[in-house]
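Shared between the two complexes below is subunit A, which has subunit B as its partner in the first and subunit C in the second.
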Partner chain A sequence: MNIESLKLKKISALWIIVILVLFIASIVLGILMRLNQGKVIEQSPLTFYTNMTTHGLTMIGIWFAAGMVAVNYLLQRYVKTSYGVNLFAFILTVIGVVMLWITTYAGKFSTGWTFLYPLPFRDLGSESWSTPLFLISLTVLGVGWLVWSVSLMAQILKKYTLSQAFAWQHFKSNASVETPPFILITTVTLIGVIASLIAAVIVIILYFAEYFSHGDFVNDALLMKNLIYFFGHTIANEMLYLGLAVIYEIFGEVSDRPKWKMTWYISLAWNCAMIFILTAFFHHLYMDFVQPQALQIVGQLASYLASIPSAAVTVFSIVAAVYGVKVRWSIVNLLFFLGVAGWVIGGLGAVIDATISNNIMLHNTLWVPAHFHTYNAMGNVLFSLGFFYWFSTQYVDKLVLSKLTKYTLALLIIGGIGFLMAFYVAGANSIPRRYSTYPVELTSGPYLAKVGALFASIYLIAILIFFYNIAKRCFVILSASSR
Partner chain B sequence: MQQNSIMLFFMLLVGIGTIFFVSIFMSSLNADKDSTGVKNLLKKRFWFTLILIVVLGIFAAATLPKSPYFTFANETPSTVIHVGTMQFSFFLSTKPIDPKSPSGETIEIPHDQLVEFRVTSFDVNHGFAVYDPSMRLITQVQAMPGYVNNLRYKFTEPGKYHIFCLEFCGTGHPVMQATFKVI
Partner chain C sequence: MFRYFICFFTLACFSFFVYANDNHSELREEQNIYGKIYNAPLHLSGSSKVTSVESLYSRKPLIVALVFTRCYGICNPYLLQLSENIKQLQSNTDFNVLVVSFDPRDNLKDMTNLAKQYRLENNRQWNFATTDSINEFINSIGFNPKWDSITQQFDHDALLVGVNEKGLITKNLLGIRTVDDLQLMIRSIHNVFIPSYRLPTKSNIFSCFNYDPKTQTNRPGLGLLFVALPAIITFLIVIIIVIKSKRAAA
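Up next is the complex of A and B:
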């Protein structure tokens, strides 16, 4: 094993352990929030909202990083990637997360992950230093991830021209160079990631400009909302696509099925997906009636259109690879397959909510966390867990589907469905999201919160078992020598 | 009630989706060793995509005209209510509200008549969500500093209506509420 490849394995193993530890901590925060809403425990509103802010920001950060770790690792098959940049991103992510947790727990910063302007300047109960520290922590994370994304993109463009990276040559009948689907999806996704991070940089600059102007410069609330959702929606969406790139790359080989080759329709689908993903964020602003109506309509159409390439190419391909064919099932492809199902079902909930005439009944009710938890907790997380298993077992162990693994998967599914259903039913019952406790009039809120907490605890048990299995193998990789 | 229809429709889709994925998985478990799977993949993919585009097109055409920006757009409201919001209160008034010393009044709205809420915020983003007497969310709009969002609605049922804030605005967010009467 050469030193370069061992270094990449070790840093990937380290990422995985840190991500899973933060994941478990964030799930616990989520359960505490639901228990508080269910009146099983009693937290102050400030504690609840610091937990909520920490939970949201950490979850988005770690699952974005998880996708990047997987893509960076697999990209090594095609191009050389920089170990130094990977390590740099790791160090900045750890520093950024520590600063973030100091901001929320010591500084009581509690604006939610959306930190909608101008709430960070009027965050009641927080320390005055928490807002600048929060912005600095976002800067640290943003710099680490931007450098990482640009570095991976640059490495791809050293081997492929831009049009080849987009697989445009596959629109002709005889392409001279074949672009692997993994390269195309990674390119499309990294462009979205870089665009969203640039929006984050603009938001941070605008916040700092107002902070240091002492009232001379005031931001525009509508522009800030557009920028924040362009950043937040896009990065949360792109992390799913990082997971899909991984599935395209390794689903075939772990299932004893042929690897997907690039075709004109895969190229077309992902090129279209790039545009739709970048314009779908407008659906977050449907209830801001002052937003130009054309953008509202673009929001609904882009949200609908984004589902077409996903369903017609990715989901269809995975279904076709499995239907009526003997597949070597293991925990890895089972997690991928289950994740695709979760992604599709969450997508259905999302398309319903992205319909403006429905959104007026569902906006900022628990329907929203219902659908995004579906395609994250039962979609994207499973994509990454599948990768983590594949990564950790390929050097240490064999992939076997033991009874314990099957029971753990069953716990994950039961826990996942239960805690998501509590969200969906509450959303349909008009229960608002982000309420630390519910007004007495909203009678079903506390009851459904208790149900959610119970099933989320079952989900947590499954994650703890997965964590044990993955982390113990990652520790073996970390202690491996190059000999 | 629209939410019940949405939930029913969603559960129907989830049911179909679950049966679909389970049957795909079972077909793999029960497959012969030499089975080659789906034939004529490109043709099937074409039809699947076409059906999806048509279904989504029908949905978009049916739902977009029902967007709140277009409802009651050509009618003149008989009542105008000014709504000012700030951490963690709503001010409702038939007269414009002074942001420096905001105050509200008891509001009664006649049923079956068009009302326009002119909603703004004096500090951070808030939500203005109207719940009917059975505590069902019936309409909403955001309250944004520096902007006025106009929300039009025709109440058909007399009774006590609640207003809740549906945009996270700080620690007092869940206690930010108000009521009005439809007569």
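Up next is the complex of A and C:
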């Protein structure tokens, strides 16, 4: 094994361990929130909202990083990537997360992960230093990820021309050069990631400008909300696409099936996703009456056009790969398969909510966490767990579907579905989101929160078993030498 | 030629946004919203009893107009417009109007004469009043008239204040306004959501829209350009990477 390859493997193993540790901690925070809503435990509103802020930001951060780790690792098959940049991103991520947790737990910063303007400047019971530290922590994370994304993009564009990276040659018959689907999806995703991180940079600059101006400069709430959702919505979707890029690359490989080839419709679908995902965030502003109506319509159309083509070709490709043929099922391709199902179901929930006529009913109800937890907890997490499993076993162990693995998967599915159903049912019953406790009128709210907490605990048990299996192999990789 | 066209087009776009933002005023309709109005004792014209602001708003939501009877300027056209607007409303009985003088020189007789001027002295919806606690009252609203000793007049805004049945200020209207604006105020004092947006100030330079109270229209502001900025910068980054890659390959 050459030293460069080993270094990449080690840094990837380190990322995986840190991501899983933070994931477990964040699930615990989520369960505590649901227990509080279910009146099983009693947290102060401040504690609830610091937990909510930490939970949301950590989850977004770690699963974005997980997608980047997987893509960086697999990209090595096509282009040379920089170990130094990967390490730099890891160090900044660890520093950023530590600062973030200090901000929320020592500083009691509690605006929610969307940190909507002007909440960071309002006295919500937090320490005065927590707002600048929060902004610094986001800066540290953003710089690390932006440098990483630009570096990967640069490496792709060293080998492929821009039109090849976007697979535009596949719109014509007999393309002279074939662009692997993995390269196309990674390219379009990195573009979205870079755009979303730049939106975050602008938001942070505007927040700092107001913070240091002492009242001489104030921000525009509509602008800040647009930019925050440009960042937040886009990155939350792009991290799913990173996971899908991984599936396109290794699903065939682990299933003893041929690798997926690029076609014109895959190219078209992902080019659509790249363009429309950058404007789909407007659906978060349906209730903002000052937003021009044209942008609201763009928000709905883009939500459909960003998700439906890419979902359709991915589902078609996956079903075509497994239907009527002998497939070597392992925990990896099962996780990928289930993850795609979770992504599609969550995506449907999202599209329902992104439809203006439905949003009037569902806006800021628990339907919103229902759908984003579906495509994250039962979609993106499974994509990344599949990759982690594949990564940790490819040199250390064999991919087998043992009984324990089957039971663990069953726990994950039962826990995940139960936990999500509690959200969906509550959302359909107009139970509001982001309430630390429910008023007496919302009788089903506490009951469904308890159900959610119970099933989330089952999900947590499954994740702990996965963590044990994956982490022990990652530690073996970390201790390996190049000889 | 094409390069010049692009430069000219870009400059034209930017000058449009700059023009759109060059429109600041010291308007402050958003001030004191959801603040409690001061419960001042009131002397109502046509009544010998002392009442209070609370006793009025707890019966029906209130629209408060602040005037002084010796005004040579805005007060008369503003009261006239208000009374005309109220007449135009389809349903105009579910609120009361309180006209309070902020001039200590005004007495009940002055206020009664003012009511007569508009033929409102017998209209039970309209209450013309003076108060001994005018400073506390106008401070709770954020109304700040300035005395000009040369003209012997107050320099003041034409302000209408909407107060709901709990005594909370739900909306302010500055200047002589249309019946549509008045309807928004009436909805707000009945606790119905009404859309509002912060007016431009000198400290708020990146608004997505700038509202022009004269024309009552919204114009796109510099902030809208910022929404597109991440995509534009990303495009530029990709172009720079492509150019650098091509140079390195050459």
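Operating definition for what follows: the second predicted complex is superposed on the first by the 482 of 483 C-alpha atoms of A that agree within 3 Å, B and C clash if a C-alpha of one lies under 4 Å from a C-alpha of the other, contacts with A are read in each partner's own complex, and residues count from 1 in each chain.
Basically, a contact is a pair of C-beta atoms (placed from the backbone, for glycine too) under 8 Å apart; a residue touches a chain by one contact, two chains touch by 3 or more.
None of the values given here were measured: they were computed from a predicted structure.
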Would subunit B and subunit C fit next to each other on subunit A once aligned, or clash?
clash
On the A-aligned overlay, A:154 touches which partner chain: subunit B = first, subunit C = second, or both, or neither?
second
Using the touch definition from the top, say if A:430 reaches subunit B (first), subunit C (second), both or neither.
first
Between subunit B and subunit C, whom does A:290 touch in the aligned arrangement: first, second, both, or neither?
both
Of the two partners subunit B and subunit C, more of subunit A gets touched by chain B
Touch check for A:301: first (subunit B), second (subunit C), both, or neither?
first
Touch test for A:195: subunit B only (first), subunit C only (second), both, or neither?
second
In the overlay, answer first, second, both or neither for which of subunit B and subunit C A:220 touches.
both
Where does A:479 make contact in the superposed view: on subunit B (first), on subunit C (second), on both, or on neither?
neither
For the superposed three-chain arrangement, which subunit B stretch in 9-17, 45-53 or 99-107 runs into subunit C?
99-107
Shared subunit A footprint, subunit B vs subunit C, residue numbers 220-222, 289-290
Touching subunit A in the complex: which residues of subunit B?
2-4, 6-7, 9-10, 13-14, 17-18, 21, 24-25, 27-29, 31-33, 35-38, 41-42, 44-45, 48-49, 52-53, 56, 59-60, 63-64, 66-69, 87, 123-125, 127, 129, 131, 135-142, 144-151, 162, 164, 166-175, 177
With touch defined as at the start, can you tell me which subunit A residues reach subunit B in the complex?
45-46, 49, 110-112, 114, 116-119, 122-125, 220-222, 225, 265, 287-290, 293, 296-297, 300-301, 304-305, 307-308, 311-313, 316, 319-327, 329, 337, 340-341, 344-345, 348-349, 352, 355-358, 360-365, 424-425, 428-430, 432, 434-439, 441-443
Can you list the residues on subunit C that touch subunit A in the complex?
195, 197-198, 201, 203-209, 218, 221, 223-224, 226-227, 229-231, 233-234, 237-238, 241-242, 244-245, 248-249
Subunit C touches which residues of subunit A in the complex?
150, 153-154, 157-158, 161-162, 191, 194-196, 198-199, 202, 206, 213, 215-223, 226-227, 230-231, 278, 289-291
